[in-house]
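Following: one structure in structure tokens, then a few remarks.
Letters A, B and C name the chains as they come in the text, with residue numbers starting at 1 for each one.
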Amino acid sequence: MALPQQVPRLVVIFAAAIVALVAARSALVPATFGKFGHYRAAAVDSIAVRPVKFAGRQDCEECHDDVGSKRLAGNHRGVGCEVCHGPQAGHVAAPSEVTPPAPRDRSFCARCHAYNSSRPTGFPQIDPETHNSLKPCIACHDPHAPVPPVVPQECGACHGQIARVKALSHHVNLPCVTCHTVDEQHKVNPRAVRPTKPMERAFCGQCHDQAATRVKEAPRIDLATHYQRYLCWQCHYPHYPEVE
Amino acid sequence: MRDEDRAPAAPAPLNRRQFVETALKACGAAAPLLVAVIRIPSAGGQETAGSDEAGYDAASHYYGMGIDIDKCIGCGRCVAACKAENDVPADTYHFNTWVERYVIDSQGEVTVDSPNGGMDGFPPVTSERGIRRSFFVPKICNHCANPPCVQVCPVGATFATRDGVVLIDEQYCIGCRYCIQACPYGARWFHPTKHVAGKCTLCYHRIVRGLVPACVEVCPTGARIFGEVEHPATPLARFMRMNDVQTLKPHLNTRPKVYYANLDGEVR
Amino acid sequence: MQGYIYPNEFELQWGLLIVLYPYITGLVAGAFILASLERVFNVKEVQPTYRLALLTALAFLLVAPLPLLGHLGHPERSYEIFLTPNRQSAMAMFGFVYAWYLTVVLLLEVWFEYRKDLVLRAQAAHGVRKWFFYSLTLGATDLSDRSLRFDDTAGRVITVIGIPSAFLLHGYVGFIFGSVKANPWWSSVLMPVVFLFSAIVSGIALVLILYLVTSLFRSRPVDMPCVDKLASFLFYAMIIDVSLEMLDFLHRLYESEESIGILSQMISSRLFLSLIVLQLVIGTLVPLVLLGTSSPALRRGGTARGSDELRRVIYLVAAVLVEIGIFSIRWNVVVGGQLFSKSLRGLTVYKVEVLGSEGIAITFALLALPLVILWGLVKVLPPWSEAQARPSH
């Protein structure tokens, strides 16, 4: 039975289109496509050879090991060279031609060290407006070993948020050492040597128990019956006690 | 009389079965060609084969990153370093990495901001009073182990390498932006002049040379930790051992490889 | 901008051109499915619109890739979608589904439908026109009964294949959106289904409009049973479409997932005009009322209320409002999905350009172009003849 005219003509046209697609595919698909997955493997190479802009602190220490070891012994031990000096791969490649900048402006250090309540507690922060506002920071602090020239007496130098919150509270006149015993080593090694917290209800009871005699204005409760299972600060925030 | 001289017989009525038979024969002829379209391995093209960089074996690495929220001070040096290292457009609409600030007030209301991605630091909040908690959260492409962006790319221009980094082939990307839509973390952007998709490469060009990503290099407090997910002796391994870590949007099963320690439940 | 959005989300990635693409493929799928009503389901009343629906589908399908190409960052690389399609990506299916639908379904269907007319025109013409029509016949000039019956059977088989193909052509677009788990506005099982039924609605409305308008321009009488039937099909399709949309809406409200807060905010602020006013009221409620009260197929006894002329005007107005409503659906899905942040904490804005590569001007041009192509197709392949003879089926 002869096929109707339409069929062979259509078959030829479709076959030609498919052959064209197959031919195009073998000619146009990139050679490295599919080698490791559904992508052009050569792309990984072209990304891997992009130029490096930050050399990395190991490269700096190859030549500047004196500064490097001073830095590693001080408070900026975690701060890489290029955090302050900018990307210096160019300087590593051609040391005499490319000079790294050294920031001298107060606003540079303030980026990290200006007080901001969102920063984690204990991070050293100052108020740039009031803290020696006329001098460059490096006049007193060696950026490679930034020990403060005078060891801060107030805890608020590092615990800025707590100090500022307490300053708005009823406990404003209580010095930190009223409740916390602090070893001097805490200023040197803060995370290893920690201040103490009162661990007995009787401590807060010295002012707040009905029978207490100190601070007549302090609110009083009956220590024996008031939530006797808990330590006071398990509910009340001592730096900003809620009771009006 | 020869057969060919005879008048053609009256055409037999074409019934449905004969038609279908004819059609199936035609399809049968075409089918192998159709299969060939999909299966034929390609040849030709003059590209160099994708050989590994001398000495670097991608198959023996599997990278991830750790972020410690308790250490981030919101200085924004990471954002600036990334833009410098990776030629990210300098405007405020394109970031490989950025820092968010969360402020939770005493009523539990959350305000989030990220001025210029955090690149210039953050202005102080207005008042201490009434704030329950406030913290910074660095964000980055999560280099997911089950990346939805790779799944949706129509041509294979974005992919996960054998060492666990999700990259974009800028020569192959057609700029359809489906991957940008598919990323749940807002990590991808569209390059304004190259007209291809862009994102954090985990500084692939640095890590294959044994360096750390630029953002990790410049972080002054060690809030970012780079290492290998499965290797027992990298900083990331210790980080994951010593901290309760979480990932972002785990319910989407993208299996991110950026692990956050001390992450607040309000972070999206 | 309001609240918090990820910094990279400030710019919308998919704009007017991507709103336009599902709209156009929806019209194609809808017009084809309308045509299939006559061919496969033997709905005799809509026969006058059969060829017009096919040509409409073809004209719009030819334009469909243009908004996509215009939107791509590198349209010159778009062939990659044929060479190295990622089998996991719904979008990669575009090339093949489109090619399949254009060639195997639409072009073949049109060719089988018109082959006899083309042969006759080739025989009657001279010179260049003769060769033009002859080439369109592909040399298959046999007009014997057997050949014509083959045409008819082939057309029917292709239509049967074409219905699921039309579902696929537009359904996969819905799947492109519905499968994005990152986006709570898009991610829904119902998305392909809603897209499909709104496509059917828009296709029927389009054919209705074109039939009324072309009859007006040609000063020919309108076949009232035909338009009455079209109007009633439009009504039924709209009922299904609205039900699906309401189902999606109620389901979202009931489950009240985390995204409900920002999505409600988006609907009441950014999408109020396009969703509540244009999509729901003007695009759905008003046409439903207009069609429901005027179509005789929906009245007891099937009698018409009001004159033929009044019904034609009502149908035309309702169909135009429906088209506006369906375009709004596409807008609300595509643009709406990008107006809120994936952080679920903020909203951004879409600044529509007037000129520019994704502007309003280009959109209107791309909507007008299929009509121009249709005009050309109608000249070569007239969809109307006073006595349209076809072998009985």
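One rule holds in what follows: contacts are C-beta pairs under 8 Å (C-beta built on N, C-alpha and C of every residue); 3 or more make two chains touch, one makes a residue touch a chain.
Source: prediction; values computed, not measured.
The central chain of the assembly on a C-alpha centroid basis is B. When every pair of chains is scored by its C-beta contact pairs, the maximum goes to A-B. In terms of their C-alpha centroids, the spacing between chain A and chain B amounts to 24 Å. Separating the CA-averaged centres of chain A and chain C is a span of 53 Å.
If you average the Cα atoms of chain B and of chain C, the two centres end up 34 Å apart. Looking at chain A, one finds that residues 4, 10, 14, 21, 25, 28-29, 33-34, 38 touch two or more other chains. Annotation for chain B: residues touching 2 or more other chains are 12, 14, 156-157, 172.
Annotation for chain C: residues touching 2 or more other chains are 83-84, 86, 146, 150, 154. Contact residues on chain B toward chain C in their complex (touch as defined above): 11-14, 16, 19-20, 23, 92-95, 98, 100, 110-114, 116-117, 139, 148, 151-157, 172-178, 180-191, 194-196, 252, 268.
Chain C meets chain A in the complex at residues 79, 82-84, 86, 103, 108, 112, 115, 138-142, 146-147, 150-151, 154.
In the complex of the two chains, the chain B residues touching chain A come out as 12, 14, 18, 22, 26, 29-30, 33-34, 36-37, 40-51, 53, 56, 58, 70-77, 81, 84-86, 101-103, 120-122, 124-125, 128-129, 131, 134-136, 156-162, 167, 169-172, 201, 204-206, 208-209, 211-212, 214, 217-222. Every residue of chain A that touches chain B in the complex is listed here, in rising order: 1, 3-4, 7, 10-11, 14-15, 18-19, 21-22, 25-54, 56-57, 76, 78-80, 82-83, 86-87, 111-112, 114-120, 123, 161, 164-165, 168.
On the chain C side of its complex with chain B, the touching residues are 3-11, 13-14, 68, 71-75, 77-78, 80-81, 83-86, 88-92, 94, 144-146, 149-150, 153-154, 157, 176, 180-183, 337-338, 341-345.
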